[in-house]
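As written, the chain order gives the labels A, B, C and D, with residue 1 at the start of each chain.
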Amino acid sequence: MSYARQMLDTYPRGGTVESDLLAATIDALNDCAQACNADNAADLSEPSVADMVTCIRLCLDCTDICAATAAVIGRLTSDDPRVTRPLLEACAAICRSCGDECERHAPHHAHCRICAEACRSCERACLALLEALA
Amino acid sequence: MSYARQMLDTYPRGGTVESDLLAATIDALNDCAQACNADNAADLSEPSVADMVTCIRLCLDCTDICAATAAVIGRLTSDDPRVTRPLLEACAAICRSCGDECERHAPHHAHCRICAEACRSCERACLALLEALA
Amino acid sequence: MSYARQMLDTYPRGGTVESDLLAATIDALNDCAQACNADNAADLSEPSVADMVTCIRLCLDCTDICAATAAVIGRLTSDDPRVTRPLLEACAAICRSCGDECERHAPHHAHCRICAEACRSCERACLALLEALA
Amino acid sequence: MSYARQMLDTYPRGGTVESDLLAATIDALNDCAQACNADNAADLSEPSVADMVTCIRLCLDCTDICAATAAVIGRLTSDDPRVTRPLLEACAAICRSCGDECERHAPHHAHCRICAEACRSCERACLALLEALA
């Protein structure tokens, strides 16, 4: 069981979102930040690095946005929809773009295939949490 | 002249936003992340720490969101409005909330007064950039 | 299998450290950053927040240092011991201090008990990687 | 006057380092994180991106380590030399490597020349703070 899940029932938090959904989102955000960080490094190792520039850029943005969203959602205490909603929307949007670009490279690079999975899964998690917050 | 401003004309970037506005926003984001990080530590030093809990929480969120926004905007290369618009909206919203809370404490704590200024200035910068992107 | 482990064999990397050790360290660093971030928020929810100030401070430092170390180690490409050795030493040291402080609160707060485990596990992982790099 | 300097005298902090030195170090760390983040994006815009891979990698590590060091030092409250000393050593080391690499590209790329300055200045600031902490 992830630390996010273990932590969730140890203290009172605002909001009505169920713990399993919240923990799954935090885990997906952290996984995606980690995968995009590693994929960006892997892209830089490719002989065809010039073809990977868009992928590197998107991975950098995706890492930063997922990490910040994981930190904010992971503290579970600010339940202000004016902050969390657009943050999750930005996160879903960059996961979508980054996932699309990684998927284009997936047939040639296993690291992009794995990263695309992490992006897809994180995009779904952000959208599910957005729906639950509505 | 800030590093953000010096950097801006050394390489081609997407978009039509003028360099001065972009540099001012990056500087305001970095300043706000720095001020909120220090204010959160200062709040923790107060004998009345129990009264500062909301302020600490908002400063933590504001630091994380401003830092990520500064990183993304500071690379100046992703010009995807589906990402940058909600990110700037989330940033303006947390700066507004954090600035309001810091202002409540400003009469008693100089660090909150200074942090409120940084939050107000960052909120204005995010809104100005949002308008320019429109 | 974690994304760190999946990524590791998809691209060439410098160094001679075996993949399992590296992946375990990256996972422990990310887990600890996540646990300390959540524990800090949980501490702020306690009625006895004044007693938790040291724990909050250490959790904040531990989150930032673990996250940066995870990012650097997770890219797996800089193998400069003048950078990675002191970074891992700083990380092991903050995990030790933060783990000690969390353990003091473990009898009263489940979130501190869980966070102490994450800190201990991360400290061990950093020390093991330091030894393997020697 | 920077926010770091303004904040420093508004609350009690541990240690004996004078405020001007501490504020200068925090500013140099934030400047360097910002410059390396922008330089990395600028490198990715160069037609000769394949020649810039080492520079991009070092800029990424330098951004992450400077940002974490700025956060920890900027809270000014953990005065544990077992943490702050190796953290500053790691930071000085990556600034040295990144500054050397940026300098190699400085004749061709203005963004690398500016980034090299930020790295040199940050390395000096970290070494000065290390000496003051001794």
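Definition applied: a contact is a pair of C-beta atoms (placed from the backbone, for glycine too) under 8 Å apart; a residue touches a chain by one contact, two chains touch by 3 or more.
Keep in mind the model is a prediction, meaning the values are calculated, not measured.
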Check B-C against B-D and say which one is joined by more contacting C-beta pairs. B-D
By mean C-alpha position, what chain is farthest away from subunit C? B
So, what's the distance in Å between the C-alpha centres of subunit D and subunit B? 20
Can you compute the centre-to-centre distance for subunit B and subunit C, using the mean CA position of each chain? Integer Å is fine. 27
Multi-chain contact residues (two or more partners), subunit D: 40-41, 44, 57, 60, 67, 71, 75, 77
Touching subunit C in the complex: which residues of subunit B? 40-41, 44, 49-50, 53, 56-57, 60
In the complex with subunit D, residue positions of subunit B that touch it: 2-4, 6-7, 10-13, 26, 30-31, 34-35, 37-42, 44-46, 63, 67, 70-71, 74-77, 109-111, 114-115, 118
Listed in rising order, the residues of subunit D that touch subunit C in the complex are 57-58, 60-61, 64-65, 67-68, 71-72, 75, 77-78, 80, 82-87, 89-90, 93-94, 96-97
